[in-house]
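There are structures below to look over.
In what comes next, subunit A is part of two complexes: it sits with subunit B in the first one and with subunit C in the second one.
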Partner chain A sequence: MKLITAIVKPFKVEDVKEALKDVGVVGMTVSEAQGFGRQGGHTEVYRGAEYTVDFVPKVRIEILVEDELAQEVIEALVKAARTGQIGDGKVWAMPVEDVVRVRTGERGPDAL
Partner chain B sequence: MAPTHSDPRATGRAAGDPPASHADDRATGRPPASHAGDGTADRTAERPPGVANPARVAYSGATGAGASQVAAVLEREGRSNGGPALRVALVEAVDAWLAELLGDAGPGIALVATGAYGRREPAPCSDLDLMLLHTHDAEEIAPLAERLWRPIWDAGVRLDHSVRTVDEAIAVAATDLKTALGLLDARHVAGDAALVTSLRERALERWRATARERLQQLRAACKRRAERHGELAFLLEPDLKEARGGLRDGHAVRAISATWVAAGLDRRGQAAYGLLLDTRQALHLELLEQGGGQVGRARAAVDRLSLQEQDAVAARLGEPGAEPLMRGVHEAGRTLARALDQSWRRVDARHAGPAVRRWRRPVRRQLAGGVVAYDGEVLLAAGADLAARPWLALEVAAEAAGAGMPLAPQTLRRLEARPPHLPEPWPPRAREALVALLGAGASAIGVIEALDQAGVMDALLPEWGRVRCKPQRNPFHRWTVDRHLVETAVHAADLVRGVSRPDLLLLAALLHDLGKGWPGDHSVTGARLAATVGSRFGLPAADRSVLAELVRNHLLLADTATRRDLDDPATVRAVARAVGDPGTLALLHALTEADARATGPAAWTPWKARLVEELVRRVTERIEGRPAPAGEEAPGVAVSPGTAELVGRQGLALQVDGEQVTVVARDRRGLLWRVAGVLALHRLDVRAATATTAEGMAVITLSADPRHGRDPEWRLVTDDLRRAFQDRLPLERRLAEREAAYRQPAPLRPPPRVLFDDRASDLATVVEVRCADGPAILYRITRALDASGARVLSARIATYGAEVVDAFYVLGPDGRRLDGPPQRAALVTEVIGALR
Partner chain C sequence: MQIDSGNTAWVLASSALVLFMTPGLAFFYGGMVRTKNVLGMLMQNYVVMGIVSILWVLFTYSLAFGVDWGGHGFIGTLHFAGLAHPTQAVPGYVGPLAQSIPPLVFVSFQLMFAIITPALITGSTADRLKFGGFVAVIALWAIFVYAPVAHWVFSPTGWLFKFGAEDFAGGTVVHLNAGIAGVALALVVGRRRHWPKEPMPPHSLPLTLLGAGMLWFGWFGFNAGSALGANQLAAQAFINTNTATAAALLSWIATEKLRNGKSTTLGAASGAVAGLVAITPACGYVNAMGSIAIGLIAGCICALATSLKFRLKLDDSLDVGAVHLVGGATGALLIGFFGTSSVGGADGLFYGGGLTLLGKQAVAIGAVGAFSFVVTFLIGKLVSATIGLRVDEAAEHQGLDNSQHAETAYELGLVLSRGRITSTPEPLDGAVAARSEGSSEIRTPAMGADS
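Entry: the complex of A and B
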């Protein structure tokens, strides 16, 4: 099993959700996140007051999938989240040792 | 009657199984016939086979027929509804069971029910409060007590038990409020009835004798409870028992009436109380059914009616849906909260005797014409004529909120007897007062709620009834619509420094969700309503359209910021098209934040704030890139023919026309602050002012309002002006003396702000000062400007409710625009310092 984590632009969440549904993903966790990558923080002058934008608002999406589905999910994610602009985000995958469904106690791929 | 199953022995046993642990208990060994009665067989026979009620399991273990009967009652009644029938049946069954357990204990021993069970109002998950009352030795009674409690524990019932003599019970009640309240509900269940009667009589007698002290404790307890659990009338997931306006407030009303100071619940109160009992009962049955006989949540939360159960509870109660159910619950909460408030007022009236009398008389302080602060409350002066000056209703409310004090009961009674009928459009004073009320911050909540209870909100804003107590069924919202609107205004009051029109921000906050009272898109309906209400409020057409625009677009920024690509020029273009100018955009930004903050803890996060801020920044840049709208460069004011004649005289002149005061004097440095200072000295509140020059003469036109409703001696004002211009009047000292006499603790207001607008004028620098209104505020600002070396060419002073937004067209000492950062910094320091 893999944990796929994606950082995407906030307005792309709906597109990503639809794309992932199409490849058969049945569940995901979405949270508000802030950070910076190469896009970086920047300084702005707004209404006369200078302020520093340290972190850019993003959305973090986490999906647990079986190994064979991982590549397909990543591809769908990248395609749906891309605008071609700077700050489109990142996607990464990590191996997952075990998963338990809390309600039933099912383990492993059954719990996905 | 709580099948909580903390004891594993109690779970999973079928009715016929032999008792696992206390098989040899004498209590359970008794033949069930006498208490089960004839009815039991019939009722059992009625039960359709195969319908297992989880509650049954709890009662069906070790305790014989009595417990079975309780379970049967829960099963039969619980399936059908949550009405009073279940409570009656439950009490009967539990009484019978307990009588069976106690058996024939002889004289001097009785089983007493207190709490909900004592009141004959047990809910399926409530505790069983029992007292074994006796006249024996403690050692003697212990075995009996143990024999009594064990089967109840074994049945999985949550038991709150005590073993006491009458003296002991009275002694415990003397130190413990909860026990004292419990004794007021004491009810004989089994055993020696005369003993229970004597306990009741003595408990009531003590309660009355110590009422003054006990009621104070009760009041403090009610207050703490309200603070912790919030208000039933407004919370979308309220605690039916603990919230303000919940069942416990009903108990408090009864406890007060037991002192003979106030009457108990009237018919409406009874109905509200009954509705809450039924709702709680249905909630408990639902929780038991969902949990398979166990309550899948903490005991403390068992009375919290959360969103996920509301539909099922509504169905159990035969309501068409969760919304009507919750509206009824909110209204019941409001009725009970009000009943309790009224009881407290009776208590105050009755107990305001020698024990409460102060060592010194309360200070009577005049706040405004016809409005007085007295003894920690704000009231209408006895002579104030509400019929002739209906805006006084709003002014008294605004003063109360501004001073952080409640409205006096007698004033509320006056308002209730004669709700204010304002002419349409409203006189400016009424609108100003409404804005001041809304801008007062958190203290406005209680005042508005009191106005609403007195029927004033309906008189002022007939649309309010459509959103009163209206629930909002989604997981983000915390409040009913009416309370959300008030909360939004409270949050908006913190954001007034960010906008140049605090009045429009506060009014938009109050009105933005009014459209939810009608079908259709609430933003669109709301915009229409806002325009109508705005014209009733007497707003000029331009302001009305901004108000409507704010309401129509109140979700625009939040929606766009989170759902659209901010890097896409089309996104920014679309918002810029919808919101045409930077002022409106700033208002919308503040409204968006206030709305979200008033929605619930999840609706406004730093994350979302950042996105909205970024959107606003980009849209502002886009809008400001356009040429400035025409007509801004107009610091001069046309001089009317009458004034021109005064100018022609080339000397000091004062002209008064209603609230309009015109001062003409030879132009000189520091003229404006001297005029402002003299007017303040004569208790004139300057609400608007413009200053301009003509033929070497300065013409200052002010709208001044006598603070206490009495016009000053204008001749004396003229004399003082002359002396001030000649520097023969110690303005600073005299004003300081005056202020000290009126100094009141200012409620927490946002700090003042000073902004520079370089786009507004080519000739001068425009300095905008935003701060809270107060005595001599114009004097303080203009004097500070003078001290910083800035020369005021002209000024536009505006007061919106309790907020001041003053714009000054100034030049530096060198006669040029004030462009240098050090100059600007000095000016800001000087002005902010003067406003401290």
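Entry: the complex of A and C
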């Protein structure tokens, strides 16, 4: 099994979700995140005092998939999240040792 | 004295309008602080309504507007303490000045000014005052600063009034007075930790703009109500108030556009307040064109003055100095240029009055400023040395909402723990005994278990 983590632009989350459903993903977890990469932050001004905000809002998506589905999911995700502009984000995959479905106690690929 | 029902109705309505400014101010300031301090700010403003209202009835009204003590024009006697002699005319208002409203209407109207003035100070010392220390400072300030200054300038028996200094609705008494007191108190308590290196941006500019709108609305009572009648002078003050405010709003956002490249909502709200402040002393002495000039000048000067605190390393947190001290002094001085006897009062420099009025205005600014600064500084030091005025580092980091009031302003997170109830209010022992005969169902409900 693999854990695929993606950091994407917030307005791309719906597109990504639809694309992943189309390739057979049955569940995902999203959370709001902030960070910086090559995309710059922004400036705010309050009564003449300028604040530089380096962290940019992003959404983190986490998906657990079976090994054979991983590449297809990553490709669909990247395609859906891409705008071609700086700040499109990152996707990475990691091996997962075990998964348990809390309700039934099923383990491994059965729990996905 | 003939009571006029129209005048009475207008000044009563104006009193309510002016009271409304203090919650407006609370929101204006509350939006500018961080989420952990918003309740602390609102609470400071609300408790001022409590403290000053009671003191006013007990004796500060009498100190401010009572029979002059010794004829020096410095302070009133306790003749009206407890609002005794409620039908006796306000001392000094005789002849052409005579009021056509019941004296208690005047008491109510002036009370609202006495409330908002110390409330203005809360912006200077935001995020770092102990609640108890703040309460003590405000009570002392209402007695030892506001009452004498109001007597000097507002009471016809006060020395600055008799001297000929003009202040229609409180440029010196309210704004200069509170502005310089804020600066003095900020000096006493010191800077917020990590200011100015750590960003402390406003948490809710919509609240700030809502508050500014409430201020603008209430200010019609403040200024036009100060005519103490429903008449031509009230109408002039009304239109001048709106005109100068509009001009200052535009002037502030133009200034910041040139300086920072963007016009901001905080700038629009601040500009409006700066205009309201500057026209306050002048609104019954200048014409509409004069109020445009005063608004344009004040909006620009106050916007530029916000940079001073960084140069002076003085944490006047929400710019009470830049807006109220600078704005109040600007408006009071500009009467010396734009004042015209065709509206009311004496002629200023531009209307053939020479420098006389300007000189008197400068004396009033200097006297009120020096007195307020020194006495406020002493009050601050006294409270700091006794019950304490500043919260400790842990409480400042935690925020005033929780450290001073055991509350949180916003529960926004879905996951945020609300904790569990560890204590519920108990009825008084006497109440338990009295009610236990009739009913056994008086125990505090077991909360949490059934939800």
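To be clear about the criterion, the second predicted complex is superposed on the first by the 102 of 112 C-alpha atoms of A that agree within 3 Å, B and C clash if a C-alpha of one lies under 4 Å from a C-alpha of the other, contacts with A are read in each partner's own complex, and residues count from 1 in each chain.
Quick note on the criterion: a contact is a pair of C-beta atoms (placed from the backbone, for glycine too) under 8 Å apart; a residue touches a chain by one contact, two chains touch by 3 or more.
All figures in this text were calculated on a predicted structure; none of them were measured in a lab.
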Of subunit C and subunit B, partner touching more subunit A residues: B
With the two complexes superposed on chain A, say which partner A:57 touches: subunit B (first), subunit C (second), both, or neither. first
Between subunit B (first) and subunit C (second), which, if any, makes contact with A:109: first, second, both or neither? neither
Name the contact category of A:37: first (subunit B only), second (subunit C only), both, or neither. neither
After superposition on the shared chain, which partner residues are touched by A:27: those of subunit B (first), subunit C (second), both, or neither? neither
Common interface residues of subunit A - those touching subunit B in one complex and subunit C in the other: 44, 46-48
The subunit A residues in contact with subunit B across the complex are 9-12, 14, 32-34, 44, 46-48, 53, 55-57, 83, 85, 87
Using the touch definition from the top, list the residues of subunit A that touch subunit C in their complex. 44-51
Which residues of subunit B touch subunit A in the complex? 561-567, 605-608, 610-611, 613-614, 617, 620, 755-756
For the complex, which residues does subunit C have touching subunit A? 196, 199, 201-202, 256, 259-262, 264, 266-267, 270, 303, 306-307, 310, 319
